[in-house]
Amino acid sequence: MTHSAQSSVESPETPVLRVEHINVSLGGKSILKDVSLSVNKGELKVLIGPSGAGKSTFLQSINCLIHPVSGNIWLEERQVDLAHKKKLFEYRQHVGMIFQDFNLFDHLRAADNVSIALRKVKGLSRKEANDRAVQELERVGLGNKMNLYPAELSGGQKQRVAIARALAMDPKVLLLDEPTSALDPELVGEVLAVIRDLAQSGLTMVMATHQMDFARALADEIVFMQQGQIIEQGAPSVLLAPGSGTRTADFCSRLSDLYEEK
Amino acid sequence: MIVDAQFLDMLIPALNKGLWMSVLLIVPSAIFGSLLGVLVGTLRVFGSKPVRRFFDGYTVLFRGVPLMVQLFVFYFGLPSFGIYFEAYGASVTCFILCSAAYHSEYVRGALLSIREGQLKAGAALGMSRVQTILWIVVPQAFRRALPGCGNEIIYLIKYSSLAYLISCMEVTGEARAIAAKTFRFTEVFMVLALYYLFLVSIASWLLKKFEDRLYIPGFGRQK
Amino acid sequence: MQQQLSVIIEALPYILEGAGVSLAIVCFAMVLGLLMGIPMAVGLVYGHPVVRRLIGLYVWFFRGVPILVLMFLFYFGIFDALGLDLNAISAVSIVLGLTSAAYQSQIFRGAIQSLPQGQLRAARALGMSDMQGITSIILPQALRLSIPGWSNEYSIILKDSALAYVVGAMDIFTRTHFVASRTYEHLALFINAGVLYFIITLVGVKLLLALEKKVRIPGYTM
C-alpha cells in the first residue's frame, strides 16, 4: 500500500472520496440501502431530501460514527480498513465533521476546543496547537472570542468554532450534517458565509441541508435522497431547471412553499 | 441548665480527644470511599455487562441496608468466619464500602449525563475511545458529580457518629460517657451537636469553594 | 448453616413484630415531616425574610447534626428537661419526624421553585389571594414533582429508624440484637435484618412509584 503524497490527488479524475454500496441497519431496520457516492477534489456535493431519508446516517457512515453493515470506502483511492481501530482513528483525522448540534466540548474554551485534537491526536505542542487554533478562529471571524466557553457563545458562533475545530485538522473532506438547522434564522447567514468561503477556497465538502438557495448557488452536484436511497443526482442547473419535472424540483418547490423562500 | 466555665473546662478536652478519633474515621473513609465510588461508578457505565450488573448489585445492597446493620455485621458477624475487625477497622471498612456505593450513583449519573454528541465529536476528530473518555467525558462528569459527592462526604461526617455503637470512642462516645457521669445530658449533647455543626459547616464551605474554583459557565450552578 | 437457619426461623415471628414497630415509626416520622415540611417550604419560598431566616436555622440545625446525636439530645436531654415522659417509640418517631421535616422542606422547596413564575401570577390575575394561589395551584403541582424525592426520603428514614436501638424501642434492629446476644448467631441474624430492611424499602419504593404514576399529569417529565 504505497502512498505517493500529493500526486494521485492532483488529477481531477481521481475522486478524493469514494464510498460504494453502503448499507446501514439500525435496530433491525434498514436505514441505508446500497448507497454509493464519489466526490472529486474541490467539489461541493449537497444532500437533500425529506426527514428520515438517511442523509445524516449516510454522512455518519462515511466517517464510520455509524458502522455500515457492508460497503467500502476509499480515501484518495486507498481503501479504508473500517474494522481496524487504529486505522479508523487515523482515517477520521482526514475527514472532518460538522454536526447539527455543534457538539462543542462544553468544558473547554473556544481556543481549546480547536486545539485539543491537535494536541491529543496529532501530537502538536501546546504552543503550536494554540497558534493554529487562533489562526483558524480568526479565519472564521471569531478571533476575539477565543477565550469564551461554549455556554457564552451564540448558536452561530458555536457552529463557526466547530468549523474552525474541524479545519484545524486539515481534512481532505469536510462533512456537514445540516449545519444551520439548529440555528435561529438570523444566525444562519454568518455560518453559510463561512461555508461559502470554504467552498470557494477549494475545500472538498459533502453537506446535508435544507438551505435550497445556497445549494442552488454553490453546489457542484445535488444528491436527492429518499428512504435510504439516492433517487437522483446531478448539477443544480439540470435538476432544478424550471419545468424539468425531476423529483428534486418537486421536493424543492414544496420546501419553498413551506418556508416561503423568494 | 447553666453552662459554666468549669464544666466546659472538663468537657471540651474530653470531646477533643474524641474529635481526633472522629477525624481519623472520617478522613480515610472520605478519601477511599470517593475513590472507590469513582471506580465503581465508571465500571457501572463503561464496564461489560456482567461487571455492570455486579456493581449495580453492590450499590443496591449497600444503599438499601441500614448502616447500623452493616456495622454490626462487620464487627459482630464476621468473627464467625474468623475475620476479626477491631472497632476502628470495622468502622472504616464499612464506611468506605457504604460511601462508595453512594458516590458511584453520583458518578454514574454524571457520566450518563454527558451527551452522546460530545463522544461523537471526539471520535470525528480522530480521538480513540480512551482519549475521548479521559479528555472530554471525565472533566465534564467530574464537575457534574461534585455537588452530590460533596454532599455524601458531609453525610459521612454525620454518620461517623455510629462508630460509637460498635465501641469506637469517637466524639459521640466521649460525650455519652461524660453525660452519663455528670447527668447533664442536655448541655453535653448540645455542645456535641455544636461540634458536628462546626465540622459540617467547614466541610460545606470547603466544598463550595472547590466548586466555585472549578466553575465553568454552562455547568451546574450559576455563581 | 442448619443451625443458623433454625435460629432465624425460630426468632422470625419475634423479629417481624419489630417490623410493625419500625413501620409505625417510619410512617409517623414521614407524616410529621410532611405536615411540617410543606408549611416550611412555603415559608422559605414566599415568606417574610425573618421567617425564612428562622426556618433556615431550623433546617441548618437538623440537617447538620447527626441523627444519633439528635436522638441522645432529645431523649436523654430535652424531653426530660421539658418534663415529657415519652415512651421510646414515640420519642424516636418525633425525633425522626423533626429531622425529616428539615429535609422534606428542601424537597418541596425545590419543587415549588422549579415551577414557572407565571403560575402564581396567573392565579393572582384571576383574583385569587396568595394563599389560595399557593394551595390550589402551586402545591398540587409541587407535591407531584416531589414524589421521587419523597421516595428517597422514605428509604433514608427507614434506615435511620434502626437507631431505635439506642433508646430501647423494640424495632427490627433492637429485637435482632436481643436475639443475637442470646444465641451468638450475629452474622446470620443481622444479615436477616438487612434482608428485612431491604424488602421493606423495595416494597415502599414500588408503592410510591405506583402512586407517582397514578397522579401523573401529562407534560411533567420527571
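Quick notes on this one:
Read from first to last, the chains carry the letters A, B and C; within each, the first residue is number 1.
One rule holds for everything that comes next: a residue touches a chain if its C-beta (ideal position, glycine included) is under 8 Å from a C-beta of that chain, and two chains touch if they have at least 3 such contacts.
If you're wondering where the values come from, they're calculated on a predicted model, not measured in any experiment.
Any chain bridging subunit A and subunit B, meaning touching each of them, is missing here; the list is empty.
Taking each chain's centre as the mean of its CA atoms, A is the chain most distant from subunit B. Located most centrally within the structure is B, per distance between chain CA means and the overall CA mean.
Across the structure, the highest number of inter-chain C-beta contacts is found for B-C.
Rounded to whole angstrom units, the spacing between the C-alpha centres of subunit A and subunit B is 47.
As a whole-number value, the distance joining the C-alpha centres of subunit A and subunit C reads 55 Å. Subunit B and subunit C, compared by their mean Cα positions, are separated by 21 Å. The multi-chain contact residues of subunit A, meaning those touching 2 or more other chains, do not exist; every residue touches at most one other chain.
On the side of subunit C, the complex with subunit B involves touching residues 60-61, 64-70, 72-73, 76-78, 80-81, 155, 158-163, 165-166, 173, 177, 180, 185-188, 190-191, 193-194, 197-198, 201-202.
Against subunit B, in their complex, subunit A makes its touches with residues 60, 63, 65, 85, 89-93, 95-97, 99, 101, 103-107, 116-117, 120-121, 149-152, 162, 165-166, 169. Taken together, the subunit B residues at the contact with subunit A in this complex read 115, 117-118, 120-128, 131, 135-136, 139-140, 143, 216-219.
By the touch criterion given at the top, residues 1, 61, 63-70, 72-73, 76-81, 158-162, 164-165, 172, 175-176, 179, 185-190, 192-193, 196-197, 200-201 of subunit B touch subunit C in their complex.
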